[in-house]
Amino acid sequence: MTTILDSGDTAWMLISTALVILMTIPGLALFYSGLIRKQNVLNTMFLSFITFAIVSVLWFVFGYDLVFNSDIMGIIGTIKNPFFNGVLESGSLATLAPTIPTGLFALFQMTFAAITVALISGAIVERMKFSAWLAFVPVWLLLVYVPVAHWMWGGGFLAQLGALDFAGGIVVHLTSGIAALALVLLLGVRKDMRLLPHNLGYSVIGAGLLWFGWFGFNAGSALSAGNLAVSAMIVTNISAAMGMLAWVLMDKLNTGKPTLLGALSGAIAGLASITPAAGYVNIPAAIIIGFVASIVSYYAVSKIKPWLGYDDALDVFGIHGVCGILGSLAVGIFALPAINSALTQGGLITGNLNLIGVQLLAVIVVMVYAFGMTLIIGKVLDKTLGLRVEAEDEVQGLDVNLHEESGYRLS
Amino acid sequence: MKKIIAIIRPDRFEVVKAALEKSGVNGMTVQDVKGRGRQLGITESYRGTDYTVDLLPKVRLEIVINTNDLEKVITVISENARTGDIGDGKIFISPVEEVIRIRTGEKGNEAI
Amino acid sequence: MTTILDSGDTAWMLISTALVILMTIPGLALFYSGLIRKQNVLNTMFLSFITFAIVSVLWFVFGYDLVFNSDIMGIIGTIKNPFFNGVLESGSLATLAPTIPTGLFALFQMTFAAITVALISGAIVERMKFSAWLAFVPVWLLLVYVPVAHWMWGGGFLAQLGALDFAGGIVVHLTSGIAALALVLLLGVRKDMRLLPHNLGYSVIGAGLLWFGWFGFNAGSALSAGNLAVSAMIVTNISAAMGMLAWVLMDKLNTGKPTLLGALSGAIAGLASITPAAGYVNIPAAIIIGFVASIVSYYAVSKIKPWLGYDDALDVFGIHGVCGILGSLAVGIFALPAINSALTQGGLITGNLNLIGVQLLAVIVVMVYAFGMTLIIGKVLDKTLGLRVEAEDEVQGLDVNLHEESGYRLS
Amino acid sequence: MTTILDSGDTAWMLISTALVILMTIPGLALFYSGLIRKQNVLNTMFLSFITFAIVSVLWFVFGYDLVFNSDIMGIIGTIKNPFFNGVLESGSLATLAPTIPTGLFALFQMTFAAITVALISGAIVERMKFSAWLAFVPVWLLLVYVPVAHWMWGGGFLAQLGALDFAGGIVVHLTSGIAALALVLLLGVRKDMRLLPHNLGYSVIGAGLLWFGWFGFNAGSALSAGNLAVSAMIVTNISAAMGMLAWVLMDKLNTGKPTLLGALSGAIAGLASITPAAGYVNIPAAIIIGFVASIVSYYAVSKIKPWLGYDDALDVFGIHGVCGILGSLAVGIFALPAINSALTQGGLITGNLNLIGVQLLAVIVVMVYAFGMTLIIGKVLDKTLGLRVEAEDEVQGLDVNLHEESGYRLS
Amino acid sequence: MKKIIAIIRPDRFEVVKAALEKSGVNGMTVQDVKGRGRQLGITESYRGTDYTVDLLPKVRLEIVINTNDLEKVITVISENARTGDIGDGKIFISPVEEVIRIRTGEKGNEAI
Amino acid sequence: MKKIIAIIRPDRFEVVKAALEKSGVNGMTVQDVKGRGRQLGITESYRGTDYTVDLLPKVRLEIVINTNDLEKVITVISENARTGDIGDGKIFISPVEEVIRIRTGEKGNEAI
């Protein structure tokens, strides 16, 4: 079958790519920065922006090839075109998305790498050295994101076993959540761990842009503008909505008042948990996924975290990590070949036990790998550059001390 | 001349201001402050955790007046700022030795 | 004629859908929340977000079917697929938009239902109980939005009479504006009715996102990526621009200074008024529509409202209601079959008196119905849950009292 | 060859158009307004919004025709369809983009005109009369933008000579940068020239939206959803990223600390400089362009401007002007026919000296023309309306004095 | 020792600060306040309705000085804050009994 | 009765507040101010240009107390606000003639 470029699919993937970029800059930057102390607002935003810039460049130097180019023993790809030489010029179509150009597929994939690393920053805000973060980004990209993405999406061993991850429950949310956990264990707790948002309006804008961009993320992962994209978009939205409603309900039951931050957090939980499943499940499944994931996240964040005592500032593990795991297992339960014809097997509800086993395996393998490797990277950085800012910088705030800027000059 | 500093509830401020205006006191300097005293803090709740905020928003009025207006102004403020619940605030009176109106250079009572 | 999915049309409708979602969250949330007191900023945002979540779910439970499935006597549709069962799986194409999937058409329509309800919240901010709003949303959706949408768009009796509403002048703006009016009559005036925006920057961001999203709203209502979408987009933009310029002119003439909030308000007036006409009129007509609607809104808001004394906090009736009516009548004047080949008759300027009559009828019917039904709903809620917050909560602000959160921690 | 409307190309151009609109309102409005004193925040935003509205209307009155309709002696086009009469009705396809409607091409082009004028406002904020700006917009549009756009894009003499400008390095960035310089020379320096941003969060949101919208700007300039759009999008993103990294590096080397505003400024430099080249160059070239342009901008802004002493408040010349020039020359160096088959000749790296000569000529011609003409316009306005606000208004802030509004009511 | 509280126009603040610095007065504590007095309010206008804002932004300087610097400082502030229009503000002088420099524990004039 | 005005570093505020609470002083009114004195300004840097910000953020505590608590409170504040670096701030003591608790109308020491 000869394939030709489809302008409709290409249009959809162009805008989907832009949407995912918007998620990181400024979406995530805003969502995170509204939640911390006003003295750290710029540093928090900066982490997302600089991460995006670094990954934007490195992806075309080594990232794309190592993930998607000819697999070596299920472990990693091969660098063939550093700087993407000749690919744009050739105008070739993507192997995995034969109706759009290779370059577009590569750029779309880049946006996932970028947001994955940026997500981690939410855990370490208000106390990590900027220089240490600058070093962390490329190393983690190479040693964690790239191999995991290859295993799941680039034809690596987990993909070969049949593990599924539609838009990044394992590759994006699980890896970032677990890495967040590993890093904060090394970094230690902040002097002031209270979550007292300084400007929830920023988080509202950020959450709105994340929700909007997530349509590019999930429906874009169909890689074409057809039924699958539509189906992914619908379940994404309904899971987000259910996540919001569930968290608001938890708020009401536990502390007595519905909160806006709770609503936003629940929506993010709903979005993160449907991510791996978006192209495989129908509406009733999405309703359950969003609802359950949000409730589990609620307890992870409000009960388990304080009990264990680690300082995951903005709950990257408690929301993204937890929802990445839940969503990935949900694929093993709810996947329906009727939704996605590429499925060779359905989940539990189709009477198939195999898929959930594979999903569980993939979750465990990636969890262990990402945790261990991030610990090693963090430890090395700590011994060399040092991970944590001076106590004085932390108390007075990072903006003025690390960047000589201040977030507000309103009086 | 005396300086009155009144710490009152933000939601009583407009009423107090209007009452002062009615009783002929126009000059005042106002700022938002935070205070604590006997009033318990308010609770805020984020991601399932309650935090007690023990500094509560108050409005601080700074009014310099002639000594013989003192009682009147105290009464006006007290009556209009009072709700009867803890947290209504305080009035502090202290001496002022001189007042100067920058525009004209007038001094003392005339400058108020 | 067999129809097949068109990837270009699907791409356009996917992004249009996302754009309309962006209008509500965070567009409308921001636009509204910039205009009220800082003590209510989170509650105001919350109303838009929670409304969107509730409608997102209910639309697929009963909304879509009741509006678009087999008409019963011109009054209402039939529930056939609760939870959209089987529709995603079937991959069928939409009856009313035969080049895109049914699911996409349904999701696009959902976004209209959601923003319509959210729009109402602008009138009742700063004093309505959150619980009462939570109850209002599903009831109003079922009893007002769903029937009116069926009458105009689902093949109901007004559609059968030939009434036209391209993107929601009647279905969206008129119903929400009238409902706003009915609710505020029940709610009564706030203790402090002054319009003293606490953060116009939010409203600027909100207005920008609304304008942007409105292209999805209006040009998306063409349901395909062709000439009609292009035409709708051009007239939408020019009407918004004229609306802005007209209001700025009114400001200059009446109070002496052009204001930014005036500019934004005029733009919204221009956008709302062109909405029902966007797919039927040409550029000169759009210029007139935006200009006139903005001026009428200006007087409705600045003269009539104070004179009548009702407390429509953010002028949902004065802007959306009024512009919905004007735009719908303008269809009767300016509609041109040359712009939209689906038109069987043109407006007054083509020498046809019939259309304006039908439009007027539709406006009156919907106005009476929406007003009466909203009054009933509101009255019942008032008697049961109570509509209005405690006086103390209103004075101190809703954020801290209803949600235990505060919008800013800047000092 | 008969051409037919392509729904995929149309979908892409519809959304690209919306994206470029988002750049101006609210993107640029926010980016600029975060950087000035809080007393002028609304006036600064207002300049972008009102500019957009005015150009939106005038473009369809005379702008489009004068740029794109039948060339007269290489100088200017002809007004044939004021108010675009009949064009929407005809549903014709665009001559320069034969797979999309003429109306869409015209609207897309309108967005470029609007942002070009709005960009200038960044230089003159905090001291220019609002009335003078209202007069400046239409006059400058007619006398500077329209002819230059015709010369480069409408088949004028520079286009005939072979000068290239993919998405507006000369037409947009150079003209606005140079006009900014001319205007500030007439306006004089502000009483307080310090760049002390009052709310960098706004600038972060603005920069995020600009980056996002720039994909519509540059990749949309391919006028179709195919390989060229993809290639333009990739190089746009990587140049922005390199620009950011380069400025952060300069910050580190020169003042010791990386700054967020520096990162944003570098990204804008990267975006502006790749604009003229986006459809002609490959990734390695884009990396060089973004990197070099950002560094040159850094020095233009931090060393040359203070040394020369003009008061270009937000560095419209230092960033947009400088990068427009650099990017346009870079086309002469890096253009590759392999990237864009429409190229009849490559740049220096293909061994061709001709192109860079033509580019240099175009840059100089436009620079001289735009500077001279803007000086004349500004001088006339100064003598008639007066350009500068009263000293008192400047000191107390423009919002309260010119618009009777205030940006924040947070206490 | 005396405490000077000066309420001045925000747009005169930089000038006053520079003048004080020139005359050797460096220590000061500054805050944004709102004030009313004889000055009429400013008008703001939203959606066609005018609102009078009668609390105007002012800057409040709090300066503790040696008694023999008092006249000098009053003069410097007065001259530099004055525009001659209503709303220039006031200077209030009140007694201070003790000053302590936290860093060193110094007291009295040395601590200023 | 005396009024203590303490200008301290923002990052010492929580410590001072806790220490005051421990020593039985609950009533206080707090505001964010900016100050200058011997401490050099901080540098901020935008687009390659350095700006010195010579007004630094400080926290101003206003505490009215019984005269015989004066020494204790001064000690608590001094010890807990001190870092030893320039910029630790000042404590000013001034007389208060009367205190009124708005809620109850109580006066004098009882009202504190």
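Lettered A, B, C, D, E and F in written order, each chain numbered from 1.
FYI, contacts are C-beta pairs under 8 Å (C-beta built on N, C-alpha and C of every residue); 3 or more make two chains touch, one makes a residue touch a chain.
Treat the numbers as computed from the prediction; the structure is a model and nothing was measured.
Undergrad: Using the touch definition up top, find the fewest steps from chain E to chain F.
TA: When the steps are counted carefully, the minimum from chain E to chain F is 1.
Undergrad: Provide the labels of all chains in contact with chain A and in contact with chain B.
TA: Touching chain A and chain B alike, sorted by label: C, F.
Undergrad: Name the chain pair with more contacting C-beta pairs, choosing from C-E and A-F.
TA: C-E
Undergrad: Taking A-B as the reference interface, which entry in C-E, D-E or A-F shares over half of its contact pairs by residue number?
TA: More than half of the contact pairs of A-B reappear in C-E.
Undergrad: Averaged over CA atoms, how far is the centre of chain B from the centre of chain C? Could you give it in whole Å?
TA: Roughly 45 Å separates the two chain centres.
Undergrad: On a C-alpha centroid basis, what's the spacing between chain D and chain F, in Å?
TA: 51
Undergrad: Rounded to a whole Å, what is the gap between the Cα centroids of chain A and chain D?
TA: Inter-chain centre distance comes to 33 Å.
Undergrad: Rounded to the nearest whole Å, what is the centre-to-centre distance of chain B and chain F, using the mean of the C-alpha atoms as each centre?
TA: About 18 Å, centre to centre.
Undergrad: If I count partner chains per residue in chain F, which residues reach a count of at least 2?
TA: 31-32, 44-46, 50, 94-95 - these are the residues of chain F that touch more than one other chain.
Undergrad: What are the residue numbers in chain A that touch two or more other chains?
TA: Only 6-9, 11-12, 15, 196-197, 199, 205, 209, 255, 257, 259, 261, 404-406, 408, 410 qualify.
Undergrad: If we use the touch criterion from the header, which chain pairs count as touching?
TA: Touching chain pairs, listed by label, come out as A-B, A-C, A-D, A-F, B-C, B-E, B-F, C-D, C-E, D-E, D-F, E-F.
Undergrad: Would you pull the chain F residues touching chain E in the complex into a rising list?
TA: Per the stated touch rule, the residues are 2, 5-8, 31-38, 55, 58, 60, 74, 77-78, 81-95.
Undergrad: Quick check: in the complex, which residue numbers of chain D touch chain F?
TA: Residue positions touching the partner: 194-197, 250-251, 254-255, 257, 259, 261-262, 265, 298, 301-303, 306, 315.
Undergrad: Which part of chain E faces chain C closely enough to touch in the complex?
TA: So the residues of chain E touching chain C come out as 44-51.
Undergrad: Over in the complex, which chain D residues touch chain C? Could you list them?
TA: 5-12, 14-15, 17-18, 21-22, 25-27, 29-30, 33, 41-43, 45-46, 49-50, 52-54, 56-57, 60, 83-85, 88-89, 91, 100-101, 103-104, 106-107, 110, 130, 199, 202, 205, 209, 402-410
Undergrad: Using the touch rule from the top, collect the residues of chain A that touch chain F in their complex.
TA: Per the stated touch rule, the residues are 395-396, 400, 404-406.
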